[in-house]
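Lettered A, B and C in written order, each chain numbered from 1.
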Amino acid sequence: MELYGIFEWIYGLLADTGLPEPWLTFVVYLGLGVVIFGTLSVLALFLVWWERKIAGHIQQRFGPMRTGWHGWYQTIMDAVKLLQKEDIRVTTRDKAVFFWAPVVCFVAAYLAYVVIPFGENLWVADLNVGILYIIAVTTLTVISLLMAGWGSNNKYALLGGMRSAAQVVSYEVPMAVSILTIIVFSGSLSMVDIANSQQGNVIFNWFIFKPPFGIIAFLTYITAATAEANRTPFDIPEAEQELVAGYNVEYSGMKFAMFFLAEFVNLFTVSAIATTLFLGAWHGPLLPSWIWFLLKTFGMVLLLMLFRWTFPRLRVDQLMEFAWKFLVPLTFANLILAGWMKYAGWHW
Amino acid sequence: MGVLKDFFNLVKGMTITGKHLGRHAVTIQYPEQKMEMFERSRGVVVLLSDKETGELNCTMCMLCMRACPTAAIQIDAPRDENKKRVLNSFVIDNTLCCYCGLCEEACNFCAIKMAPLYEFSTWNKDDLVWDVKKLQEMGRDVPYEDTRKKKPAAADKPAAEKKPAAAANPGADAKPAAPEAKPAAPEAKPAAPEAKPAAPTEKPEETKDEAAPSKAEPSDDDKKGDV
Amino acid sequence: MSPLRTEEFTINMGPHHPSTHGVCRLILTMDGEKVLKVEPVIGYLHRSIEKICENRTYVQCVPLFDRFEYVTSMSCNMVFSLAVEKLAQIEVPERAEYLRVIMLELNRIASHLLFYGVTAMDIGALTPFLYGLRERELIVDLFEMTCGQRLTYNYIRPGGVSRDIPPEFIPKCREAVKIITEKMSDYEGLLNENPIWKVRNVGIGYLSAEDAIAWGVSGPVARASGVSYDIRKNDPYSIYDRFDFEIPVHHNGDCYDRYLQRLAEIKQSLRIVTQALDGLPEGEIQPKKKINAITFKPPAGEVYARVENSRGELGTYVVSDGTNKPLRVKMRGGSYNQLQALPIMIKDCLIADLVAIFASLDVIMPEVDR
């Protein structure tokens, strides 16, 4: 596509200057990284605004209205404000852990985008273990939350950190298993291969429409992903009515902004993965592939936002029960049945 | 199928929120749009002026000051040698005001009103203590129904006698207005209201005086009993 | 290897915590997420209203009662007016009684709508809060239209009510009743059968009927435990004996039943409002001999008056010595007893349950601290 063309053009341009090969790759990937990072940060800012608007309209109010048309640059102004704010550091903190927690959180949030295909020929790297990589790096977030909870030296923060550790680790299992169901369908761990195996302009090629396993895997994935992204009804690590703000209660200014932004990048990540795995990735008629991808992803984001603004919050033990007593058996049964059907050679 | 029922109920909740997504906001954008205040809304306290003469309706009877439960109203109006009240100061401390509206009800002369105005925030707390000028200015455009009894300019005496009853009975039926009162001489106008309130103010003062000692005794006993 | 050593820790919930509804401080002894002990510390909102009342005339006390329990100020005005009327043997005109009932019931609805929203918000659902307040706004508008204020009404006075309703009140009120009746299905659809809502509330914070009685818990919390006690029926004041309504009772005594109880009470209150609007007579709103704000002196004596407000029995004990100021005023709010019963409800609960229980009690701190 067009963007990929631009990169090839830049690559060629740099090759002409006679830059040696390892440097050439480094520069190009650095550029690519900056572009992805920039795009996603802007996207996350946009998502914050969008969430606030959606929350507002669901609740029959306006949401941000002051800055620009319907407050479109509200989050940018918020970010500027947070940058200017004093960085309050509690004296009893664990200095190194307190400092690195938001950084780890922020970086971990972006790592998944190495393998997510944004469109036809529009990805950073097509790892042959792409989905495994995603499962691995998205779990990194939990370390940062635990670090934040521990480093703050605050009881509320510690409770939040412990909760998030328990929650994310638990929900990693059903999430991975429901993703495995898709791997059974596609026969590949590569994100691009998974996307390509849903090709065809008829939506029935999408894995979500492989009844009943596809839809079950989709629903379990969405549930687990909501928990992974720490969003209501699974937002117990920061449950503001119980733990005030949970793990980030002692953070202010830019450090808080990093947590906040990472949360919305995570929201986009889980939606993008859902799009790639279940909703036919970038495939769609007429429009360019990356627009299809964004449309589907935003659809998913909308769904997750609707969750957030509709449901109450689960309790921490109920959350665990739900994961281990309901989701894990269900996803395993789903996986085994799907694998058996595949083995038996039945097609849908 | 408990799971399916639960799932259905979750979806039902989401359809309700989803339906609201397309509806119009019920809130308004405040500084640009403003809510239409009800005529009776109790906002800030203002002093009303006569619609024709533009002078304060206030007769310095001090009823509002007495009715105020938080002592937000301070009137200083000593009598001069003619036993007329002279307004030295009329101060309302908006930081004390509790917006109960008792002053408005106590007033028999349509002089004080809780106007439907609410935009009077300041940067400085001291600016919330309003003097008579500010109060009058705030009350200029406040519409009100003039229920004052028109007093015959010449007949001060009967009016003064009639007043105590009215004071003890606020909002009692207005006695028929005398249309001749209007063209009365301008000097007569301020004189009349000043003379009249003398009577009503007397009464609460008396009652207060007699009330104070009788009140003090039992409360002291009460305290001793507690100890 | 020695076993892992764990220890209990205390955590300070409040006074400034988002879900303690004001400034209540709960000292929690926790074992991990589990709450072992809860100790409510009250008094952060103490304004000594009772004492201030002793220095105010009877009518001047009414605004103070507004601040006693500001979510249902009408009830507070009512209870003081009832006390003074009992003391001075004042007959209240018929129209004023009807207006009082309309206002009291509208205020009860408004309070329960606030409860609906706040409880949902404490359990994590943010949208019901706005829906509850949206309809509450209709009622608050009616109050503002009539008496000029949205929260501290100072409307029901000894002897009657302060002002008659404006002509547009009745159609607006009927419309509000209609809208709230319609929106009830939205409220119920959002939460009643929601599985998350149910697991968070069903069986949480059990309060037995015996405990409810023993701790003096009244109002919706007691009725949700199966104690069918409502002052409107058991000791009718004003003209409540003329209306046809039921006292809903639930029997499980958990958070979910307390929630259902309040929704059921909204429906009953809507019935009363409709009946009162239909039967509203013409006439005076204050007694023939009007009560002067400054000089009114009830005869010496003492009296206890009570009304049913949305948080239980709201009572006031007034002692008069024959002067224009009360000798002693004691206020009794339902929230106080409910808060004291909190420690027995937290058996084996987690911190999240504690929030749910606290919300379901619908405690309002100014009523506790006065």
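Here, a residue touches a chain if its C-beta (ideal position, glycine included) is under 8 Å from a C-beta of that chain, and two chains touch if they have at least 3 such contacts.
Here the structure is a predicted model, which means the values were calculated and not measured.
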item	value
Pair exhibiting more inter-chain C-beta contacts, A-B or B-C	B-C
Chain whose Cα centroid lies at the greatest distance from that of subunit B	A
Separation of subunit A from subunit C, taking each centre as the mean of its C-alpha atoms, in whole Å	44
Centroid spacing, where centroids are CA-atom means, of subunit A and subunit B in whole angstrom	59
Where subunit B and subunit C are represented by their mean Cα positions, the distance between them in whole Å	29
Residue numbers of subunit C (touch at least two other chains)	127, 131, 134, 190-191, 194, 196
Where subunit B touches two or more other chains, by residue	10, 13, 16-17, 20, 26
Residues of subunit A engaged with two or more neighbouring chains	58-61, 309-311
Residues of subunit C that touch subunit B when the two form their complex	54, 56, 59-64, 66-67, 127, 131, 134, 137, 141, 144-149, 152, 154, 162-163, 166, 186, 189-191, 193-196, 289-290, 292-295, 297, 321-325, 327-328
Complex interface listing, subunit B residues touching subunit C	6, 9-10, 12-13, 16-17, 20, 26, 38-42, 63, 66-67, 69, 98-102, 105-106, 114, 167-172, 203-204, 207-208, 211, 214-215, 218-219, 222
Contact footprint of subunit C on subunit A as seen in their complex	55, 58-61, 155-156, 159, 162-163, 232-233, 235-236, 239-244, 309-318
Of all residues in subunit C, those that touch subunit A in their complex	9, 11, 17-19, 32-33, 120-127, 129-131, 134, 190-191, 194, 196-197, 199-200, 350-353, 355
Residues of subunit B defined as touching subunit A within the complex	10, 13-14, 16-18, 20-27, 29
